[in-house]
Amino acid sequence: MNILQIFEQIKQNTDAVVSFQEDEGPTPSIYVRSDSVLSVMTYLKEEEALDFNVLMNHTGFHETESSKLFWHLFFDVSQDESEDHHHEEIRLFWHLYSYKVEHRVTIESSVPIGKAQMDSVVSLWKSANWLEREVYDLLGVTYPGHPDLRRIMLPPDWEGHPLRKDYVAPTSYHGIDNSPSALTKSFEPKGKSK
Amino acid sequence: MGAYFQNIKDGFTTAFEGMSISFATMFVRKETVQYPEVDISSNATIAEKYKGSLMGMPENYRGILDVDLSLCTACQICQKACPIDCIVIDNIKCDKTKLSDGDGSPVLNRFTQKEALKTRTVTRFDINAAKCMYCGLCEKACPTSAIRHTNQFEMNRESQEELILRFVSDDVKATAEKRASEIEAEAAAKKAAKAKKAQEEKAKEKGAEE
Amino acid sequence: MDATLISIGLDPLTAKITSMVIISVIVLLAFVTIGGILTLVERRISGFMQSRLGPNRVGPQGALQWVADGVKLILKEDLIPEGADRKLFRIAPYFCLVGIFGTMVVFPWGKGVIVADLNVGLFYFISITALVVFGVLMAGWSSNNKWSLLGGMRAAAQIVSYEIPVGMSLLVPILISGTLSMGGIMASQGWLPWEWMVFKSPFAVLSFIIFFIGSLAEANRTPFDLPEAESELVSGYCTEYSGFRYAVFFLSEWANLFVLGGLTTSVFLGGGNLPGALEGFTILSVLVYLAKVAVVIFVVIWLRWTLPRFRIDQLMSLSWKYLLPGAFIAFLGQAAYMLLTQHTPIVQSIIAVLMFLVFVFVLIRFGLKVRVSINEQRIPVNSPASNVS
Amino acid sequence: MTSALKTEYLTINMGPQHPSTHGVIRFILKTDGEIIYECDPDVGYLHRGIEKIAESVTWQGFVPYTDRVDYVCAMNSNLSYCMAVEKLMGMETEIPKRAEYIRVIVSELNRISSHAVAIGAADMDMGAFTPFVHFLREREHINDLLEMACGARLTYNYICIGGVHNDLPPAFLSKTAEFLDHFEIVVEQINRLISYNQIFIKRFANVAVVPPKMAIDYNLVGPNLRGSGIKFDVRKDKPYSVYSDLDFDIPIGSGRAGTLGDCYDRYMVRVEEIRESIKIIRQCLKQIPAGETKAIVKSTIKPPKGHVYFRTETPRGDTGYFLYSDGKTSPTRLKIRTGSFTGMSIIPEIARGVFIADLVAIIGSLDIVAPELDR
């Protein structure tokens, strides 16, 4: 089943707010508003004809440009969401696959950076457990409903979420100095902007 | 009960099988390369001294970087290609043919005089061998094959500073800088002369007008 | 030696004490040397089995590697971990050492070359090696390290379990020779292979196999090296040991290997027996004995570098479900066999020769297998000569 | 063993430096004597922030970093990343045929060497050191071949966006053929040495059974998934590169020593995959065409805005590269979903009620490589 058919099915059978995105790269995705992600996922998993039994990947990134926000114009963003929402957001991706039907789908959603919260899908796929922990660790998205949400890659007392674009690496950690030496500095590029 | 005796039988026969192989291995050639005695960077020695089945070093082995400054055009492509910033190149505008040693042969560049006048000269070419990850991207990016990997891999030094390969010596740098300032001065003098001439002409024109 | 000392003018008591001291020093040095050399031998052999050369830098072909290792270990700092039971920690290695070196008293180096041919020699042998358990358990407990503790507990469970099948299987040679003395057991065998204890009856073969497997387990050799299973327990009971104390553990472990070989040889493989014509050449007897021990040690090393390790429950099930019933069968079977054939020694001899022929047949089968494997491994690959272009 | 005999649990810290964790992984074990009651894997000791680094290097400059994601099969990591970028740029049809074949040859050679290490390490965990060294010896031959192709033994950086960096040296193909003839026999010999050994089978059989449903739920991939009896291989089911032209089988677990999906099944799937890889390379050596080895690619590429999730079959299973491009010279987001990561997440569940020695077997049979796990 191709992604357009899947999109139509979702649109017909759930009351979720979805839209089809095809202009972004070789794999089109289905955009789902953050509050209906869990219901769409449950539908995708449990509908026999779709039967998405694998969550291959779950990830996200920090979108600093507001170009993506036109989606919210379409979908009538409620007023109570914070102002940060209109500047920066975290876009989340789920890549699903079905060993039975042998088709795949990319689900996309976004949460505002000030209120980075997403429903956990651990109840549907157990592989979501570690993947969501990783997103929480590196991007700072919290998952209410996750059984064991703690840092996975970084130490428990680490501050900040490194994959956010505004993250500044600490110069020291528990007394371990991380600032570059004179030697390293002399090799820092001048012309290259990094 | 059958499984019980099957276990015993399988235990003995498979152990027997395994023992035959480990015993046989004792009589087959050994793969150890006795490194300092066998010079592994030379294929000839390896063929002569070493009886195992490992090969010597290939032609395109990616060892410690080396730069042929007579080929370098100071274009800084390698510096940009390096993913970990272990190459630093500084350059200045300079007449390279003047940068010669006693017998008159050019030190830095073998370009013709005309070209040399236009090219830039490297005043700093440092490679941090401690940081280099030997990926070969600089070698592939270089348009003149000035930077390349050698088949050397031995480079133990006492400090990190000694691991920095400096290809331009301070003398050459000083000479180049001196020459550059001379060129600048010459250019400035020329410009000044030109300006003066222009002024004089202007004055002349003014005088003629008057 | 006493007599020599008395003849140069010492009184009998002093002579006795002096000779004991001299003998102890000789024995200690001999065992240290044997243990040391065996570490080297093991490393070289394992190297050859893995297409490597093994240590070959110190001395000709690495012959002095063990000395260098020993010196290094002695010079190292002696660490005792924080929170360790210091007394037990210090004393534990010596229990292992005494357990192994104590066997020296009844160790038959050859025909007639034995310190004390006790009439309960074999019994003494089994009892004194049990001291090793205490050393290992103490080391594991006192280290204040959970991995060490697990190693110590495993060792205790393992060695205590395997004492039983080993003891049972040794009853068969005792039945055949009718004595517990090491010299007596050795004397009851001849120099020809089919006169050895192992080929005397089918049940002797069974008891030999059980004894060999069981003593591997008692010496903590792979496939039974659970107490110091490297990939599981880091280094088991000796994880926290360093320096001289570690060297003592190390040494007693390899000396134990020699003891294992020695016991197997003297009880089952004919010891240092010589043909009648050569009777009296003690040195030759010792050499024959040592050669046999070397073969047994080689087999043990070879097994170690071939087989994977058991799991603890499989280890226990092997001991209680396979070896122990086997040992009982061997013991009862041997008794019945002797009862049936006691008046027909010729039948006994024929069966012994047959057993030996079966063994030779197995050896030939094995040789053919090895030849095939060697040929398979000799298929050329990446020949360096062709690489030079 | 009644509940009246229950004792206090012993908390043991296994790792981060432990001989059997193959890298830096830590397990916090709650045990009852030797039996594990609870196992909590603590990962992240090798987290080098490769995904963060990607945000500041160029698209081409990231290729050497993919070597470091999984150094046991660097060639496959190169391939995954480069194909993902090519897909993002829409240039997957421009790759020359010869380059595709070279890519398949080198990545299958690398798969063999990776499986050799995986199998050897599993043997070593079981206490048999010799097979491990034998496998490493064979791996050295492969390293020699790959060094001949690209000049490095471990971190190759050979496959680049648009093809491969340089053509194979003339002797490469004949030497590879020679090696395969040698290796096919030797691998069977090493199997006789260890894989068919009764003690070894008993150690691996019926340990840590992963039923097919659980394997899917936890998203096990690659040999671990196939060990549970699910016939899925990205090379066959979603073919990329020239795999659709090649003929090979997908070995799956069948419970040959006990239960379907036990450690021995996962182990033997790898052994059989080595044979399949040999088959693939032999076909490639026959079919490889002459021609260019690299498509024309700009020195600084800027893929169009968009995202892609590209899957390839690496030795540790279906590895996914998620790329998001903003049309700049470096990725906005790069995420690597690796086989070890999902493989590791199943351990708390299957390592309940097993011996400590079995946990070692589980790690060995799942073939977890710490740098790939943490990235």
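For reference, chains read A, B, C and D in written order, and residue numbers begin at 1 within each chain.
One rule holds in what follows: a contact is a pair of C-beta atoms (placed from the backbone, for glycine too) under 8 Å apart; a residue touches a chain by one contact, two chains touch by 3 or more.
Values in this document were obtained by computation on a predicted structure and should not be read as measured data.
Tell me, which chains sit next to both subunit B and subunit C?
Per touch definition, common to subunit B and subunit C: D.
Select, from A-B and B-D, the pair of chains that is joined by more C-beta pairs in contact.
Counting C-beta pairs in contact for A-B and B-D gives the edge to B-D.
Which chain, with its centre taken as the mean C-alpha position, is closest to the global C-alpha centre?
D
Report the inter-centroid distance (CA atoms only) between subunit C and subunit D in whole Å.
42
Roughly how many whole angstrom separate the Cα centroids of subunit A and subunit C?
Centre-to-centre distance between subunit A and subunit C: 63 Å.
State, to the nearest whole Å, the distance from the C-alpha centre of subunit B to the C-alpha centre of subunit D.
Centre-to-centre distance between subunit B and subunit D: 33 Å.
Do you know which subunit B residues sit against two or more other chains?
15, 17-18, 21-22, 25, 31, 53-55
Touching at least two other chains at once: which residues of subunit A meet that condition?
Where subunit A is concerned, no single residue meets two or more other chains.
Of all residues in subunit C, which are in touch with two or more distinct other chains?
In subunit C, the residues touching two or more other chains are 49-52, 305-307, 373, 377, 380-382, 387.
Are the chains arranged, by touching, as a line, ring, star, complete graph, or other?
Topology of the interface graph: other, matching no listed pattern.
Which chains are in touch, pair by pair?
A-B, A-D, B-C, B-D, C-D
Under the stated contact criterion, what part of subunit A meets subunit D in this complex?
Residues in contact with subunit D: 23-27, 29, 53-57, 59-61, 65, 93, 95, 99, 102, 106, 125-127, 129-131, 138, 151-155, 162-163, 194.
Where on subunit D is subunit A touching in the complex?
Subunit D residues touching subunit A: 43-44, 47, 49, 51-52, 56, 87-88, 90, 216-219, 230, 232, 237, 304-309, 311, 318, 320, 322, 324-326, 332-333, 335, 337, 341-342, 344-345, 349, 374.
For subunit C, which residues count as touching subunit D in their complex?
Of all residues in subunit C, those touching subunit D are 46, 49-52, 146-147, 150, 153-154, 222-223, 225-226, 229-234, 305-314, 373, 376-377, 379-382, 386-387, 389.
Could you pull out which subunit A residues touch subunit B in their complex?
Those in contact with subunit B are residues 183, 186-189, 191-192.
Please give the residue numbers of subunit B that touch subunit C in the complex, ascending.
Those residues of subunit B that touch subunit C are 4, 8, 15-32, 34, 43-44, 46-47, 50, 52-56.
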